[in-house]
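Here chain A shows up in two complexes: once beside chain B, once beside chain C.
After this line comes the complex of A and B, so read on.
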């Protein structure tokens, strides 16, 4: 091995014996030719007990087939082979004291198999160098464990963030709704005053006109031909004013104006009922009334885009928070109107099912691509251009329906349209006691 | 007192609203009725008129600056419990209305925008009720008449 005469063969041998790692030399049949102190200390057998026996006699824990293969390949190829603690943590069944925890456990080992030649350069056998990697392994395993914990924490945080996002979305929306409600209440109050006197005045005007026309009729009847000839300017005035038409048209004019005023009145009322500033309470509500008032509120947005077909079934009032359910209807209807193109059609179905009621909003719009169908209820998920949608509508609708112990589902076929379906139970399980008997529109 | 006299009986009705257009439209609506109308655009003015005239019925807006409807009607009710008070509310503030109704100082409330027939009917009912109440509380006066 070395030409340096100063280092004797004995020195080298004692060094090999004393080194703080396991050293074995085996022949082709795996018989032990040499074993050092490390092996004796850890196996509890003296070198004399080990040498001369096969590896498998003295170390029965060694997998024989695998070990023989390893040794054969090293002999054949005259090359190194290696096994690490990750592959075979405890090749030799040695104990080890953990320096940190003091716990006694199995020793983790790396093992190198290397070819050993005799003085003539022929193959003498295979050397095994076994190193104690318990510290490294312990550290590594601890790190892995910590990583796992971190991963767990991370996913818990992700869950928490998702919940926060949902809560924030809900908060945003309910703040928005509260603001709209306040605005609606203010507007309603301000508008109701002028509507009040204008309506009343139009009615008074109608009565006045009836009296006026009666008076005119009386005058007409009283005036004879002679009188008419004496005052030709009267006939001229009558023609110029198109009196006959005017008289006929005034009725229509008044009727139309009254209708218009009724509509304004209803819109203001719907706006108030829709926003429901005063009641965030569970109550029995007629979903059809809710759908109608919601439709009135967004009629402007829908009427030019789609035809709305109501196929209301026979459903009974359900226990719900009317204003919240209206928000769901609003979101579904707005989405449907955004989805449809020319010849848009939105069908609203309702009916009983499963001891509850369902409402479906079906459109013949562009549909939802398959790959995002399961994402549409996520907060902040939107396909609309910036500024068009907050990405909150459906996620909020979903959480509202879930809060009502119901289900919100979607069926959609790209190019054919979508069907959103909300199912709600008749009564809420935990608020049964608070159910009021009053039936109100939502 | 015979029926002819009864039908010719005129009532004094006071209308109170800070918005004159409302007063005018109500005045037009009630023009054909056997009412002597008094108009006031504030609570203070209404109380002044109340001191000067015997008033049968008051229709009063709920929301007015300085003195609101409920405050005015509560005061009126204290001075003359026979005066029929009707509150006109621009928005249905249910808690205020329920309070007013249960305290007994208003007879009815009407929400704006009102329906003309409903308002007239309410006034008729109120005045009818007043007759009954006055007869019950002061039967001698009737006999002496």
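After this line comes the complex of A and C, so read on.
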């Protein structure tokens, strides 16, 4: 161990003065008893100017009440106290220690307050050790800033990903619908031809049969008693074939077949109407026709669940993509049929409004809880069990209606039912075409 | 190795006594500093509550803590003090400690001050009882949760800890309370055990 006496008081003092951090000693009244070079260099005041004055005279930036309480707590508790650059960046108002490269204007500091005892162990005052943390602070602030940027970017990306997902889902869905539409149209077309000739054949058959029976009647009337007795096999044949019944039945069979053919023809027509293969473009379309064909297509799915009441208003054809609008009707009707219970009722309203037309699908089903009403249009949002719902119906419908410059809104009272309302303008604005040509013109 | 895990009933009582004395001194100094009534609950001592690397924090703290601060004590007795602040933080003490406005940085600083004062009072009290020197590092914010109640789940403990003391502070006139966890490392717990034994011997 070094002999303490070998190190003089002067040596210790000059060491304290030279040390590369701020050192202050103050008494209980905050009067400065000692101050080192660091403090002089950074405050621009010589030690002589500092010593003997209170902290607040020489460092007016120090909040007096707080500082006094701090000093007081160190004296009373005989314990350390601290300040950190994070909460109190510039305890002393010193200039930045990175004058050239740093972007910060002031020195960041950590400060420790510690009790100082005199030779007899009594309380002499409080020491302050001030360290320069500008470099660390600058670095950390930069990192924090970078972190914020990253976070921003991250959330922007998350948004993009969500949009991409949505777009992909829509693409998938519309591709699927297009494929189904094409398939339906193809099948419809294939069936259309044979049905056509079967129809005309059945009609011909019907006419031929009328003629045939007329002929038979004529023969019967022409043959007399004698002739009948001469040919008893004729009566036997007639009995065996149950001729009277056959005549009656043939009529019914023909009528039934014609009815059946009518139905097939209608279904084929609906399929074509619904799929609109020929109309993936803007066309004037009659929404009531679209609603009817859509209803026909899904009739089997809803007929046992709900009574459908049509309250069609007087509307004119609008410019739209028929197949896509039918897709919206289909989604709304299926959702409504899923929502209703016993005594289910689905009302379809339509009418004119605001220079456009509206179609409402109203059901008396379970309704939509308030807290999810703004989520149902999100892609993949579904409350239905796996396999029942994809959660895509409404999001797709929404984007279709928006693409048509219309609005799709919902009103629902949980427990009482829901009303989905699509409003569509009569004509599509020509903006897009104009806009591009205008840009090109410049 | 001496740990506090295997304390006898007597030793446990002695430790309790040791802490009671330390707490009493801490309360008295705090009261002197702030000119108010300071109540300290009787410390609740869990010797060696540890499961793998997780501190089993009592459920009520786990639920209610919003902000947790920490401060190390170093020397012959080593460890860390954690202070768990509830939703109202230390706002009620602002004036007592000379704070004027209530900005977020100042609220944090206030909590760090409270942490420093409380841990200093407790640890210095204990250190004095066992006649050793301790030093402290600057306190810092460990977890800051806006709303989550599980701030304490994030504590990752790496050194073996031998003892957890749970202390509840209340400054009655100011409706302030917070909870302190004092964790002492296993390697230095022997200091406390020896002090306990001496206390028992002197009795």
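Throughout what follows, the second predicted complex is superposed on the first by the 380 of 442 C-alpha atoms of A that agree within 3 Å, B and C clash if a C-alpha of one lies under 4 Å from a C-alpha of the other, contacts with A are read in each partner's own complex, and residues count from 1 in each chain.
Keep this in mind: a residue touches a chain if its C-beta (ideal position, glycine included) is under 8 Å from a C-beta of that chain, and two chains touch if they have at least 3 such contacts.
Everything quoted here is computed from the prediction, not taken from an experiment.
On the superposed chain A, the positions of chain B and chain C stay apart, so the two partners fit side by side.
After overlaying the two complexes on the shared chain, residue contacts for A:204 are found with chain B alone; chain C is out of touch. Using the contact criterion defined above for the overlaid structures, shared-chain residue A:265 touches chain B, although it does not reach chain C.
An angle of 160 degrees, to the nearest 10, separates chain B from chain C at the C-alpha centre of chain A in the overlay. By the touch criterion defined above, A:123 reaches neither chain B nor chain C.
By the touch criterion defined above, A:72 reaches chain C but does not reach chain B. Judged by the touch definition given at the top, the superposed model places A:40 against neither chain B nor chain C. Once the two complexes are laid over each other on the shared chain, residue contacts for A:194 go to chain B alone; chain C is not touched.
Chain B and chain C never share a C-alpha pair closer than 65 Å once the two structures are laid over each other. Residues common to the contacts of chain A with chain B and with chain C across the two structures: none.
Interface residues of chain A, counted against chain C in their complex, comprise 63, 65-70, 72-73, 76-84, 86-88, 110, 112.
Residues 19, 21-22, 24-26, 28-29, 31, 63, 90-91, 94, 111-114, 116 of chain B touch chain A in their complex. Touching chain B in their complex are the following residues of chain A: 185, 188-189, 192-201, 203-204, 261, 265, 272, 278. Residues 29-30, 32-33, 96-100, 105-106, 108-109, 112-113, 116-117, 120-121, 124, 135-136, 138-140 of chain C are the ones that touch chain A when the two sit in their complex.
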